[in-house]
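Just dropping this structure here.
As written, the chain order gives the labels A, B, C, D, E, F, G and H, with residue 1 at the start of each chain.
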């Protein structure tokens, strides 16, 4: 089981060469490497130093030793989105969760304006240890999903929208005021942070398995 | 058909005697009379002048010539709430809609944390000309209802909640950013205003009946 | 009567090819197609796949099977603006309303700083089933129009202005606090959403015609 | 001509005895005395020391040597309100303007939801040197009045309303973003400050009379 | 193992008799009963109907069939506070977690202005499956705790403070922007919601034990 | 005396050709023409149609028939700034005031961090009929100037600054809460609006001269 | 020299008995004791246990072993206020500074609307090691004082005012955006925190005296 | 000892030639010169006029007669940062402090998510007269540092982050609400202002040395 946490670089505000240099250095730890908030240009700089680095276009992430399928996953994280505009954040969450050793199940485009699509996914949702719900605008999806299952929901408001969404404030406040139980909120657009919380929850559960088996 | 709009008094900030005096004067118009935002004390003052005035405890409203059933209603308005805390606003809307000549169908406590209750009301919802959705906290109910039917939704955010609901801001922003179509928003806690918009919509539809029949 | 709702694409954040591909696919439904928030560049991409697509420059919209005049319109929607800067939002509303099968009456540049222009339009306003009022800055036009007629007003605050308009907040709050009756508010700059609410109201009225004729 | 500015006490946060003591002291200057934000209880304390002090119930003000009619007024200030709830602020403005030596013309309850009342006052408005417009909710009255006349408008937003008026923010932003020319804004509910600005404008005009006559 | 979730009543805005009546009814389910946001007066009303109900003064909660020690706890939740003023929220969380079948470890008054106290608790912290961190003012405690351990942190901002804490906004924003990994945020002062999320995490971990043992 | 108000074009959001076309049309009225918020590129477009149009680089304004000195000025407006960064707004105000027939006295760079410069200008200030005070950051200059003289002050907050100035909010709130009497506030960066209010005040004073001379 | 820091109790939200009990316990340390945010009722409770405790009415503080004059003061702190309404915060600062071993010089009621009063205090100001400036409304006093002297200014915004002061936000933003150098800001109404910062500065200076004398 | 304050230019919003011209002029005073908020392009313009000017890339500052080591420093200022993204603000503070005659000790990347790094710096921190703490996101570092030492802390919130950091608001509010004593806050990203306050504190201490030695 891959219990190790990846090495992580936060690409925002770093110059391509800076990110590339750190990436190359972290390569030597033998751990998976994850760089978030990277443009294609940054990827170019990384690739020239670490040719096997992989670019995740939608996620704006560069990885090494991260594959879509973990052989011995820590557990399963469902990544659920309301609309297509939430995809970049969702993919940042998905790639990060993979880098942290989890299996990822993507359930996209199940926003509350068309409930039937979401309702048809109840079983799939039930198989996850943690559900990451990603939604902009009014962020209602988090409440509806948390009402459907008895699994921890990590809610990520996105800045998708305009006008009175005030850069994600509408979804953020909506999720903080969720009338459903079992919802923890992270920062607007923070797909990486959601994955980190979800993976910590999954790991916390596994560790307890060890303990209770000891007993 | 009672097409007349009632005489309306906004009780907030008026002293009991003031409201009572205006109420008595309006009594003479022969129209229904509606006073909103009135405490039991205000009702006492009104009653001593207009003994047949009726108090609506939950709605905090005093009425005259308003009955739960209009004989020839203009149309049907559904009043839908998420939780019990939204009742005062819902009743202000219901009493106001009755005073404006509509039939009112109350569908209460169908919040999104327990979708099954709401889903079982689809048919009832479909019979209304306008649906008033009243919800606090994240206000997600407006989006979910608007996604279920093809009927105009008047959304009323309520100040129910605490902390990051900031006096109703969370529900207000949620409703303004609704991902569902056909939602018009009124001020926080404004049950009366929602009824006025709903009744105007119903009236506008009826007037057109006349026209198209002329043709 | 064209009761069908058009197929709609929200262009914001989509790449030209993406929008063009979806547009082409939706073409096959036979319904009107409407893509909002599209630049001239996006239109280029659409046109190369669907040559009969039409670009609405001011509205930043691309349409198919949408004409300025519907032969059997569902009803009439007036689109009213305060100033020229509100035109893009107004045209998004107008094109959307046409795509939804309504007749559109444009009443532009009747802001409250020069009341005479607005007052001279009272009759024209009275002929609509719904009035969409589009205004930035203080958004006072919605109140004044709603005070003049007894027709549902859909109010669209715009982000027009600077400084203390805080991206449309001033007009939004103004419209939510309207002292006139019969006003429902949609998101800042949301011309499309206003048209959808207006068309839903018009449709709701027509459906009732059917019913009352049944009786 | 009474050109002197009155002695002023700001009653908010002062104890009755404190206000009474200052009031008594200022009595000796021979100037008019004005204490704002005073309850009936404060007036009791003042009266026991200065029996000829007058209480203005609505304005919550106590005055000495201030009468409703100035014999040689500096000029005329119109005080215009949207609704009855704005009366306390309007009366604070009116009493303050009287204390500053102006003639006051009250034009109340001419809110924009019923334009005819306002339009019928055009001539009266034109006779003032300055117009103080007092309005809560969306504060649209300031724009409409300023659009009707070519006279300086001092706009006072009031905290009248609830929900999304956020303590007067809606009216404040509306007035700051007025599309009409010639509007200067003071703090929410600041009737006294509005009168002070208006009186300063009137005085500034009179002083110039002197000058131009010198020439 | 008590896997059942208690019956819960949200006392805020309900009258004593209402809460007492619901409490009595829920008593019949045989499950634990928890009523939050209850004053001593409410407790009086409940007690007269359900004499064995217990009042938790600090937590402002009334419970039935909830004891400080669960015999077969689902898991252990640490409740950590910065200062004494956070106690009411902490006790709401603790009592709620007990009602949900968890063991609770209280670690109080370990705010970041005196790090030594907190650092001496590292081992105790490590024994929990979930840590609830409750802090007002700048809310820094959540970041520091999350940096010390690899356990999910549920962060509860409190409204403790004044001035620029704006009712808990400072702690809320601080926690949402935590630079440490593994932090999920709930609403301001929401001790109950934090317990619900923590218990859901613990339960999710246990369920997986079952699964992995099946394999 | 030039009592006429200029023709005004608000350039923001208009394309160069649009502004140029309107400018050319207004030229025919014979009145002064003023276009604000115009770039050098817009000026190029105007000039090609109206060669005698003048560009005011700092003010970002284009004018016709406006000169630095009015032969028979309506009155004198002082334009006072705190720092060099406020110059663009100050020049917009100055050019606008000139276009409205006033004489303009510029008193620049007299911010409150160096009081001596400001104190040395008292006499100059006293010669104006109205003082426009333009300041960003904390906006304290308006209070200090209003405390020095008994002349109406039109306060213009500017968006100069960064961080916690929140786009001019700090100066705006500062000016609205001025502890000095006689201050009216206009929108952030609204140099033109300040000039319009100032000119209206000056005109109102002059008109009264006529009246009192009639008497 | 009294270098010791007092024992401090924050009275807000504590019950009288709680504060009294802590006060009594701290008495035993032999250090000065300071309890802030205490009502007269709290003082009663303290006094019944510690009869020599002293109540500072304006400051709402209870002290022990704190006298108006320190025999060997650490240094001098000037406490400067704009208006009388700022007195409670100023006295909290003054009493706290005394408890911390400093000499306090009070310079009250020198707000910027009447500059002469402030200018006459320049010499007195220059004798302090730190100046605490306390002001509500627009908070301009901090900038003006910091511009007059080359001494560190600790700025305390107060919540004095109404309307657009938004609970002290106007003064807070004003002080954070001060155009003068050498200003550090503390929380709204935080007289105690200001004294703590000022005393830390004074102590830091003294310690360095020791050091440089060592050299 | 260099007690002189440098000449300072605020580069933001000035054109390269403007800054270069002022820089050249200030060169003649013989004092150190500091220009903040300058791009490499601005530096080019300055250098062509003042060849010995030095560019500080990270700080975005241009200096003359400022060296990393002051021979007779006024005192020592520690500049402490949470993360690498805070470096530009930290370097603006460091370069400014050097220009003001202080010695600077940089302690970077000691954010609270990894406390060990920070704890290992306690001694280094203790040697400073003032500590400037620079942190974005939740800004918790200021509280933790202030809790570790008894030295004045100047806290600089940075705009580093995204989403709910709202341009630095989260760190700003966190620092203003610090539960630790001895913290003064400056504007978001204001490294220069922090240095100015720190240098004023250091100077104030030295001046007192003189005084007490005089005694």
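Basically, a residue touches a chain if its C-beta (ideal position, glycine included) is under 8 Å from a C-beta of that chain, and two chains touch if they have at least 3 such contacts.
Please read all numbers here as calculations on a predicted model, not as lab measurements.
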Number of hops, chain A to chain E, where each hop joins two touching chains
1
Recurring contact interface, reference A-E, options D-F, C-F or A-H [over half identical by residue number]:
D-F
Contact tally winner between D-F and B-D is D-F
For chain A and chain C, let me know how many angstrom lie between their CA-based centres, rounded off.
37
When the centre of a chain is set as the mean of its C-alpha atoms, what distance in Å lies between chain B and chain H?
58
Report, in whole Å, the distance between the mean C-alpha point of chain D and the mean C-alpha point of chain H.
48
Centroid spacing, where centroids are CA-atom means, of chain C and chain D in whole angstrom
42
Taking each residue of chain E in turn, which ones touch at least two of the other chains?
161, 163-166, 169, 172, 176-177, 181, 187
Every touching pair of chains is listed here as A-B, A-C, A-E, A-H, B-C, B-D, B-E, C-D, C-F, D-F, D-G, E-G, E-H, F-G, F-H, G-H
For the chain C and chain B complex, residues of the former touching the latter
75, 129-130, 150-152, 154, 172, 176-177, 181-187, 193, 196-197, 200-201, 203-206, 208-209, 212-213
Touching chain D in the complex, chain G uses residues 84-85, 160-166
Give every residue of chain G touching chain F within the complex, in rising order.
82-83, 111-115, 119, 136-140, 143-144, 146-148, 161, 163-166, 169-171, 173-181
Partner chain H, residues of chain A touching it in the complex
10, 12-14, 157, 159, 167-169, 172, 187-190
